[in-house]
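Chains here go by letter, A, B, C, D and E, matching the order in which they are written, and residues are numbered from 1 within each.
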Amino acid sequence: MNAVVLAVALPLLGAFLTPSLARLSLPLGRLFGPGLLAFCLWLLWGIARALGDATAGVALGGFAPPLGIAFHLDRLALLFALAVPAMVLALWPWGGRPREWSLTLVLAAAATGLALSGDLFNLYVFYELLAVASYGLIAANQRPAAQAAALRYLLLSAAGSALALLGIALVYTQTGTLNLAQLALLAPVSLDGPLGLAAFALLLLGIGVKAEAFPVNTWVPEVYATAPSRLAGLLAGLVSKLAVLVIVRLLLVVFQRPEATQLMLVLGVLGIAWGELAAWRARDLSRQLAWSSVGQLGIVFVAFSLPGETGVLAGLAVALHHLLVKPALFLLARHWNGALEGLRGAARRAPLAGALFALFALSLVGVPPLPGFWAKFVTLSGLFAQPGPLCSLAAVVILTATLVEAAYLFRTLTLLFGPGGEEPRMAPHGALDLGTATAFAGLLLAGVIWLQPLTGDLHGIARQAVDMDTYVDTDLPTPRP
Amino acid sequence: MYWMVLLVLFVTITAALAVLLAPNLLAAVAASSVVSLALSVLFVILRAPDVALTEAAVGAGLSGVILALALRRLGLWGLGDDNRPAPAEGSGDA
Amino acid sequence: MRNLTTLLFAAGLGFLLLVLAAGLPYGHPPMLVGQGILQQAPATTGAANIVTSVVLAYRGLDTLGELSILFAAAAGAGLVLGGHRRRRRPDPDGGFILIAGADLMFPLLLVVGLYVILHGHLTPGGGFQGGVILAAAFFLPLLGRPREALDHTAISWIEGLAGAAFIAIGLWALFARGDFLAPMLGKGVLGQLFSAGTLPLLYAAVGLKVGAELSGLLADLAATEARDP
Amino acid sequence: MTPLDTLFILSACTLAVAWAFGRRPAAGGLIAVLYGGQILALAKMSGLASGALTMIAASPSFEVLGQALSWRFDGPAWFFALITLGAAFASAWFMAGEWGEGYRRKGGRLGLLQVALALNVSSMLLLLASGDLLSLFIGWELMSWASFLLMLSAGGVAVRWAFKYLIYALGGAMALLGALAWIHAQAGSLQYAAVAGLFATLSPGQAWTLVLAFAAGFGIKMALLPFHLWQGPAYAETPGPGSAFLGAISSRMGLFGILVVLVHLAGLDLLDRLLIPFTHLDARDLLGWVGAFTLIVPTFIAVRQHDARHLLAWHGIGQGGYMLIGVMQGDALGSAGGLLHVFNYATYQAALFLVVTAVVHRTGTADLNKLGGLVTRMPLSFLVMLVGIIGLAGLPPMNGFVSKWLIYRDLISSGRPLMFVATVIGTLGTIISVYKLIHNTFLGQLRMEHEDIREAPWSMLAPMLGLIVIVFLTGLMPGLVLDWIAPVQAALGLPVLDHSLGGVDLPNGGLDMLWVVGLLFAGFGVGALLFLAGNRHRYVHPLDNYAGGHFLTTEVRYHYSDDFYPGLMHLIGGWYRGSIQWLERALVSALDFLAQWSQAWFRSAQPALWLLGVTVFALWWVV
Amino acid sequence: MTPPPIEFLLYGGALALVALGLAGLVMARHLFRSILALGILEAGANLLLVLAGYRAGGVAPILTPGTLGQPMVDPVPQALVLTAIVIGVGVQALALALALRVHQAYGTLDVAEVRGRMEADTDAAAGLEPETSRDLPAVERPS
């Protein structure tokens, strides 16, 4: 079980060594990172299989948990930890330079750490690591616009991190510990007042930058429109979900209070409204997808703000669905990057890409047999089950936003499949991009077929995730009150 | 100790204001180094010598060098208005 | 208008935070974890500087992350700045005083840096601070003689191997003791130079890596062309 | 394997064949045969129609999120499925021969059309078979997308209308989804029984919300009044046989939804209890009046159309109003009238769309100002249209008369004179506009360019003639269809209508179509005898005529087609302001404006300001 | 008038740094100054964190013969701040590298100008008209 640290350490090792190895031999450097990631995938898979329904705490360096850093392994953490190497492998920048591989490996390590860590400050470190790696990657393509976008993103994100640090400082001042399990024990007493809520608000806004939360998502269209599409897919699909995962962990473990969820709900609703509205008037595909991603993340926030098991189930469903769909859409959009009007008839010349795009778009909108529908349905049903007008309002906003989303996505689709004017000079989709997207589509369809066991698993994960007694017992074998 | 803290804090805040309000960026960079140095004094007072050393070495020293270097490469090395590029001259970085 | 709004907001933020801070304890922190570490650390790690124990042992993973952040920042800066031609017109030589000063300072800084690194477990200071000093040692001559370039291959190797060494020590502990980054080797006598097991080794790796990264970063920055005319 | 499984498998086979071979005109026959096979499979379930069986379940069922999904057929499903498959059969047969070749030659995508049609049929069968609200919604969404595919298959201007349909349909679907999620949250289940139980316990406010959500969701598909703008052009621009299918049955799925949810599950009693404040009306009256206005407004919009397809499509919306009025009457007579109208309307609407398509196939245009006099060239088509419009106008001896008579009669006997007047106004509009249709197409002067037009080929005539035979036969013997309607009424919890082969027998004046038709034909016979015996007729060429002292030549257009009914238009023209169009545009503009605003927000030069602001607000809220 | 207690001063100072940093970040017209403001913001957060571990009458957490047995301040926040400072300088260096490149490409570091140039660049790369020509509304008025 302790070997799980390898999933974080090995990619970092790879990152440190890749530039030098690539100087020795380029093929070696090229294959080193993916090889390590594949090993991590295998390792994590083995651990997940061995762990089964149980949970485990890993005390790093053998220091008993409240003193040292602890990793918390449960099905939720392992699910996302497994998703990291898998997604990074799928979206690996094969064409990049050694330093890009290196940064991608750092990204993978940080993301895995975020999924596993059970320590507040450790989460902050991994979060920063993720952020720094992504700044470098965004700016890597040497386009001035990308660099400007990266700089603006960096300033916003760093300000957010500083606020998050402030939140951590508040928590530490009040409780004197950073271990999440111990915080869970202390929170009902120490973090009860406005101070705890303030700390959560600061953490939410700080980490929310990566999670594309409402007021701090202005970077999204800028970055996704200028970054390489594989990276955009990685950021929109994976990284944002891990940031959400951190917020959800904090919410579930430490800040389990109605006001906290309400704050999340409000930000989520605003995010949905802003994102989908902006996407309505987007003029090119990548920014349309970027804004749509803001809206979708808003739904994720709203879903996770539902209390208890329902919330985790709904949020997981929406998040995993988006995790699968958005990167694939970005991959497909890569070659359709011009103005929307210029895409007339593009899908007729690339029927497979067009069909995949249609499939993903349909699922994103939530057309029944596809997984997107079930995710949305669970969310809506959960919202309606809550008392209070705010939740019902959120449901209505989701429904309306879905309508708007369908409108612009299908305006795009009708353009893609419509009669083309002149032959546009667009490169055909690369086999790699198409293959990856097809694999994602296969997963999506598999989700339709194995819906029943899938929902059963998600239920199990959700049940485990909200079970705080187990969480505390796992990480703190001898709880000290 | 009380007056010491008060004095250092006063210096810190003043320098921070100077960072934001100084008409030229070179002065702002210098002020930001002052902020770091003052903070490191404060850290010593707060019984955190490790942090103080780091703040002095990293915050004041390294970050000052980086900032100054960048300022020079931006062509803003000078005491003029901060948006007008001045000719790069002098070599006494840091 | 925007400035006014900003000031209002900022003042509001300050005020609200102050209201919150009024409820914070001062001078008598809860120290749940801190107390435990203060009691155990000397025996567990053997380092006199308990902050070092925390940084390298109790929160060793944070330090690894921190190292990686520096690495990622340097690599990112390299990606951003690199791939372009070197400066066509390097700055003129720095003049006698600078050159001589740099030459004079180089060994001094080197020694100080190494001292700070190696005594990290005993006195304030450690890998990061010492690494910065090392970087300064290597960067100063570059200021004096801008025409000379740093050997990027060597830097890259030092950087990579030092980072790898840090992880390797961690992995060694993982395989030998079952815990990543667990303290290894004998604890020695508290306060001696050769004590605290692997901690000085880790700090040495940190120092080398930080030094290499920062000097690479500084060199990259220094080598960047001012704005194209 | 139940007969329902057989039906689904056949439907899937049809879809597969359409997918694989649909682009070849030669495969059209096979596809039509497959639709015929589905009708046979349906016939094997005729126990549902005779009332011998109440339900036939399909074998597969799923459980998702704790919800059981199941499919089964009952009386209403069988009845609607029969109409669906019949319309599909006729359309597919029509497409099978020359029309398909011609369509393909003109660059149409025949394969897409066939696939879309088959997809529509399959999804509708799935919808009709749904055994709980969740499967109902799945079927509903699938059908919406399938219709979208069918509508845009012509490309060009059709895409725009199909897109508009899609927006409306999704709006409806979202209303349904919201209602479903709400029900799921309250009742924990979407099984019909649980839903019916939930309806019984709701407060008026909740019930109103649900009823309005369902009515809007289903009503959008029926193009009920505030949502009527999409349907006319969307159906009209669909390729001919497709529009025949859509016009005949697609919108009626909305009625099916209303029947299942509002009539069966919620119950008309519940609607009665939902009072509209400050009036004497309740939710049921509201729906009835929505039906009445849906009948009047689109019908008079139809009068204005210059395109035969648009004219028919706008009519289709109006006829839905009759059905809703009838169903909302809720008694044996009215609901039977509404349900019978579904069947009747499907038969003649399909025939009319097909004959217009045949005319387009021969002449290349559906513009009513560019046609005329085709009766001499296409006499059988003329016959089809004649029978069709008699049915559409609701005149004896065709079947449209019977259903409308039932509704009129019920409105009068249940004491709703105002609504009766409304239906009469609607019928008036229908008669006026269908006359315009047949006059401008077949009567009057033949245009020069149409001198060489031939009668439509038999592959197209056969389904049309078959349809008008049904129109006539079920007009003559409405009891045939009323037999099927009885189990529908029983399954929906409505009172069952006593009927005979010729119609209904009511205490003060029933209807026996055998007598009516007999008398009518006797009258015609006497007239014909007089005409023939008198032998006072002689044939005159249409040009053997003069006006203003000048002899007419072929160049002179004396056929009066432009600016039809100027007097009427002068009277009611002011009502065509299109306030709902204005509303639609206002919504889109508002959305555009908001979108611009939100993009401007994303463009802000200093995003940290928002970070700061929201942090302050959050902290203020916390403190 | 009694002088305010020392904790008020210290917390006030830390929070003032945070507020100043954020305000500077928002108000700065020059990206370079934004980067400086970011440093101040981080410094404020760091100071707060160190304060969290301060213990009245404690000594620095270094074991020397002189400090044995005395109460020590909390070492954990110090370790955290150590990490945070280094993270901060890393981010700052990367930001400066980016700023250099942006300045090279656009010749300016004015916040609004960079934003505008970036937008124009992105639009041009996507082949869009520079100014927002209104898209046709999706739903047209029926004829």
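In this text, a residue touches a chain if its C-beta (ideal position, glycine included) is under 8 Å from a C-beta of that chain, and two chains touch if they have at least 3 such contacts.
Remember, it's a predicted structure, so these values are computed and weren't measured experimentally.
Note on connectivity: the fewest chain-to-chain touch steps from chain B to chain D number 2. Farthest chain from chain B, judged by C-alpha centroids: D. Once CA atoms are averaged chain by chain and compared with the all-protein CA average, the nearest chain turns out to be A.
Chain centres were defined as the mean of their Cα atoms; on that basis the chain farthest from chain A turns out to be D. Chain pair with the larger contact count among A-C and B-C is A-C, by C-beta pairs in contact. Chain A and chain B have Cα centroids lying 37 Å from one another.
Put simply, the C-alpha centre of chain B and that of chain E have 15 angstrom between them.
With centres defined as mean CA coordinates, chain E is found 23 Å away from chain A.
The centroid of the Cα atoms in chain C and the matching centroid in chain E are 19 Å apart.
Annotation for chain D: residues touching 2 or more other chains are 163, 167, 592, 596, 603, 606, 608-609, 611-613, 615, 619, 623. Within chain E, the positions touching two or more other chains are listed as 6, 10, 16, 18, 20-23, 25-27, 35, 46, 51-55, 60-62, 74, 76-78, 80, 82-83, 86-87, 90-91, 93-94, 96-101, 103, 115, 132, 138. Each of the following residues of chain C touches two or more other chains: 2, 6, 9-10, 13, 16-17, 20, 24, 29, 31, 33-34, 37, 49, 51, 58-59, 62, 65-66, 69, 72-73, 76-77, 80, 124, 128, 217, 221, 224-225, 227. Interface note: chains touch in the pairs A-C, A-D, A-E, B-C, B-E, C-D, C-E, D-E. Listed in rising order, the residues of chain A touching chain E in the complex are 121, 125, 128, 131-132, 135-136, 139, 143-145, 147-152, 154-155, 158-159, 162-163, 165-166, 168-170, 172-173, 176, 178, 222, 225-226, 281, 283-284, 286, 337-339, 342, 407-408, 411. Interface of chain C with chain D (complex): residues 2, 5-6, 9-10, 12-13, 16-17, 19-20.
Those residues of chain D whose C-beta lies close enough to touch chain E in the complex are 160, 163-164, 167, 229, 233, 581, 584-585, 588-589, 592, 596, 603, 605-606, 608-609, 611-612, 615. Only residues 6-7, 10-12, 15-16, 18-20, 22-23, 26-27, 51-56, 60-64, 72, 74-80, 82-83, 86-87, 90-91, 93-94, 96-98, 100-101, 103-104, 107 of chain E touch chain C when the two sit together in their complex. Taken in their complex, chain C has these residues touching chain B: 49, 51-52, 91-92, 94-95, 98, 124-126, 128-129, 132-133, 135-136, 139, 143, 214, 217-218, 221-222, 224-227.
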